[in-house]
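Order of writing sets the labels: A, B and C. Residues in every chain begin at 1.
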Amino acid sequence: MKKDITLIVLAGGEGKRLWPLTTNKALFPFFGLPLFTHTIADARVAKMIIVTNPVNDEIIRSYKFPIPTSTVIQKEPKGMADGLLSCREAIAHSPIVVMSVDDAIDSELLSHVISTDTFGAIPGLKRSGPFGYIKFKGDRPIGIVEKPKEGDEPSPYINIVCHYISDGSELISEIEKINSSADDVYEKALTNLMARHEFAFVPYEGVFAPLKYPWQVLSVMNALFDGLEYHKGKNVTIKKNVIIEGAVYIEDNVKIYENTKIVGPCYIGKNTIIGNNSIIRESHIGADSVIGFNCDVTRSYIGDNCWLHMNYVGDSVLEKNISMGGGAKLANLRLDDGEIATLVQDKKISTGRNKLGAMIGAGARVGVNASIMPGVKIGANSFVGSGIVLSADLPEDSFCLLDSKMVIKKNTRPAPAKREDFRKHI
Amino acid sequence: MKKDITLIVLAGGEGKRLWPLTTNKALFPFFGLPLFTHTIADARVAKMIIVTNPVNDEIIRSYKFPIPTSTVIQKEPKGMADGLLSCREAIAHSPIVVMSVDDAIDSELLSHVISTDTFGAIPGLKRSGPFGYIKFKGDRPIGIVEKPKEGDEPSPYINIVCHYISDGSELISEIEKINSSADDVYEKALTNLMARHEFAFVPYEGVFAPLKYPWQVLSVMNALFDGLEYHKGKNVTIKKNVIIEGAVYIEDNVKIYENTKIVGPCYIGKNTIIGNNSIIRESHIGADSVIGFNCDVTRSYIGDNCWLHMNYVGDSVLEKNISMGGGAKLANLRLDDGEIATLVQDKKISTGRNKLGAMIGAGARVGVNASIMPGVKIGANSFVGSGIVLSADLPEDSFCLLDSKMVIKKNTRPAPAKREDFRKHI
Amino acid sequence: MKKDITLIVLAGGEGKRLWPLTTNKALFPFFGLPLFTHTIADARVAKMIIVTNPVNDEIIRSYKFPIPTSTVIQKEPKGMADGLLSCREAIAHSPIVVMSVDDAIDSELLSHVISTDTFGAIPGLKRSGPFGYIKFKGDRPIGIVEKPKEGDEPSPYINIVCHYISDGSELISEIEKINSSADDVYEKALTNLMARHEFAFVPYEGVFAPLKYPWQVLSVMNALFDGLEYHKGKNVTIKKNVIIEGAVYIEDNVKIYENTKIVGPCYIGKNTIIGNNSIIRESHIGADSVIGFNCDVTRSYIGDNCWLHMNYVGDSVLEKNISMGGGAKLANLRLDDGEIATLVQDKKISTGRNKLGAMIGAGARVGVNASIMPGVKIGANSFVGSGIVLSADLPEDSFCLLDSKMVIKKNTRPAPAKREDFRKHI
């Protein structure tokens, strides 16, 4: 192990595209803790500097980390390069690893990157999509090409932000030379550094799930499920005829009622109650939640303090403090089974998913028998009235009520008093 | 025990505020019998006179009572004082106890009241609200103040109508002196009597639940649950994997199907069928009812001959002969968790409850997937069409149909014939 | 057994009244095979000629029959007489039995009919309705009266088309003499034959269910359930706490998940999955279907490749390749419990049923929380949007969307962050 490596975690960004989720992506909790705490869990480095923002700083400093940690506040969310400049002094002449806060990657990747003996090291993963791609000269990585057109990729490998640089001040210096406010200053600076110094390429085949859009909470969740094992915390009550299959991680004080099935991988946060006759599959349920009678929660993320009752929650993201009335359904499949698109900052983009339910911000309420269409997003603290079929996004702090028309006539066909003949069918 | 006490049960009232419930409050059945039959169950008195009305008289006379009983018809519902005048002859010079028909109280209270040795006795309970309050001089009760303004209460004790008077004719005489048709003649006469004779105050800490408004059926039910014990009648069928917890009183010929849980206190009337995969909690279910597959009945009163199927019935009152289609939900909680108000005789009043579902009169029908909002009342013999979100009271004998608009287009995206890829997720 | 009997199965008709079902009534599958294959299962005849139509011929020829079989194509659906003319050469001078393709009858009836020793034989069943009635002279059947007015029936016996005629060419000759394109040429020819030759009357008391209207799929299903026995195929998975009662026929590779109850008679086709916490009663479920979590399927026909999830399907017919979103309900009972009428070829006719759900053509989709009213028919490849209350038939290839109005206001009553007080109720 190299001595005195400083791990720089860039956690100063905003994450506007995560709407309707309100928790900053640096803090969005999985298994009760922010994503990056899982990624750095095995980091054998000397210290960690977390570049935060004015809002997150105090919260992040309240966590306990396994490494000596300090935070630096990035005043405005001006990108990775600006984030690194914020901690210029701290990293001068020190070997560093730069990590992004919003990618789920295997916690061993950091060890592999720092075990190289070149000036720097960059990992790459075969993946297609709107990523930065690594350019090679022979076996040697010589730069990053940001979001090339399809077919123009310089290699099949995308850049994973877990970069080792043996002298942090050289990176700072390249950033300062570029002196721009563009989005890709960090990648350009790294490319310039690669031109002058030898970098090792670290091929990576593990999990990789970025957290940029709200539905990616599901892929991050799945990435973190990797390696999960069965665990039963203290004071857990499991009633009669409960079936638990596979890797289900049950925190302390959880109660699971009769005739319920939980199929792993699943995480059940502390104090949570899982009601009778329900099914939970491949899902994350936060702390202090109540999944009441007769729910189906499948491939979904549910945060803390959520209350369900006779609901279907499929391929959906419920941030926290959300309640759904009986019979409300989060539909996760179009009638034609087609791919689900959704609006992000007023632009319709494809989610790449055929199965996707709703994404719901903190504090929302959904009335009984409401139907939320696939890919719809509900803003924080919004109420969706009973019986509504919601097929478009709902802004935060909204109260959406069904304006239905009814015809009330005189009832001329009274109901029979008895149905004895029907009882024989039971 | 004093000799020859006559218990006067005042059961001649109308109970208009109980709308949409149609059964007179003197007859409204709990555990198969009117409320007052539970209250007088342990009464050690010489005889009982029930002041009825022209409609109830025959029904009440058909019951068997543990005490020699006669009825007197009060021709019009003119209040307690008028009710007592109806049986003037029967009670002359006799020691009497006057009881109201519409309060759930402990059956032992009557014994306590008649074991005093003063001219009269009046019990009182610490409670706040729009009640009559007892006025004291030192320890001695000297009168009743009807519905004082908040802060003006003469004591913390409300008047419980279970009054002992050792000479009934004196009470009659005071009533005649007042000679008014006001609401509070009885209380005034009693106050006058207290001025002339010594009354004992009987402090009471037991259950007390008046039956004036339809939602109070629930508090009366809870009062009567006090002391309930597990009972399994004759010819009861309990199928595999049925869980019964606590005080559940199961009458004869009940059938309970698989994977159902019943959490006491609960009452299940005779011949009733509880379907598969349901949950019943703290509820009253009458006779000849069918709680079909997959229902959640919680803290609710359901009368005789009701049919449910895939429903949620929470904190609700279903009088009798009511059917609900699959998926119909009686919502019991506002989206903001706020207190639930409702109209009573065109006046909006608060129910004092944050959890309250629907109140439904006899003979009503609710269509599939209908949603009834918290605190809504449905009149007798009314039909609520499928899919309706009912947020206002519905008069009796109504047929309420959804008038929804649909757009019918050519379907240009046929569904795929097979979904083999989805089966792997199951 | 008489030698060389040729069984003529008339399968060339159209079956327009079966709309919205698209499968020809000659092919409509029960237990994986067309209706008539069950009826002729025990036929001890020398050979079988199936009169098909241009569309069905290839499919029918692909089946394996227990009797040497050939097909003859009837070019246009011009009725039974025309169908027989199509195979004129094949049946000349041969003893024949003429059977209709669309009646469920006991497979033993054919044996009884051919064991007579008269020129011909005709079976009859006591039944009232719009059928053909047998006319008798003494004990001898002498003709068929098609659809007489009520009260004008010549006998209580209706004509069951399972006719033995010892010389087929005589029937052909009578048909040719009539030389008409009317509907009842076959019956008239048979009547003429009966005038000239002795026919035996074969009284019949077994099952009889014609397949003319879509709801009759249910009565045919019930007829075929007669005599069904419990069967468990190969590689069947039955999970914990599954209850199977009565005659349930389970084909190979079926999976049944926990806490589900199946009450026979039921048929479960191969590869089908029955989800958790469901109930299936007296129903037919085809192959490759998924009855997901928490369904109630009662007295219904479900074909191949159907997907359900949290649905109620009561007294309904789902042809094949149909999916229903969570919470969609097929209502099977009017609010007044009255008899259910439906349109057939624009004419309202009574179905004779008080319990009847929906009839749905192949390829349809029903959105979450949709409600289909009793007796409604949905055309093939049509989509019913979420939340719709469908109370009229929907043509094929339609996309029906709810056009609901919502009011979106500012939410001025944010939800409380915690509900600690509610947890005590759980």
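We take it that a contact is a pair of C-beta atoms (placed from the backbone, for glycine too) under 8 Å apart; a residue touches a chain by one contact, two chains touch by 3 or more.
As the structure is a prediction and not an experimental result, all values here were calculated from the model.
**Q** Chain touch graph shape: choose line, ring, star, complete or other and state it.
**A** Graph shape here is complete: every pair of chains touches.
**Q** Could the interface between the copies chain A and chain B be described as same, meaning over half of its residue numbers are common to both, or is it different?
**A** different
**Q** When the centre of a chain is set as the mean of its C-alpha atoms, what distance in Å lies between chain A and chain B?
**A** Averaging C-alpha atoms per chain gives centres 50 Å apart.
**Q** For chain A, write out the residues touching at least two other chains, lowest number first.
**A** 241, 259, 277, 294, 323, 327, 335-336, 365, 369, 383, 385, 387, 402, 404, 413-415, 419 - these are the residues of chain A that touch more than one other chain.
**Q** Inside the complex, what are the residues of chain A that reach chain B?
**A** Of all residues in chain A, those touching chain B are 240-241, 257-259, 276-277, 293-294, 299, 309-310, 323, 325-327, 335-338, 365, 367-369, 383, 385-387, 402, 404-415, 417-419, 422-423, 426.
**Q** Can you list the residues on chain B that touch chain A in the complex?
**A** Per the touch definition, chain B meets chain A at residues 241, 243, 259, 261, 273, 275, 277, 279, 288, 290, 292, 294, 296, 305, 307, 312, 314, 321, 323, 327, 329, 331, 333, 335-336, 363-365, 369-371, 373, 381-383, 385, 387-389, 394, 397-404, 413-416, 419, 425.
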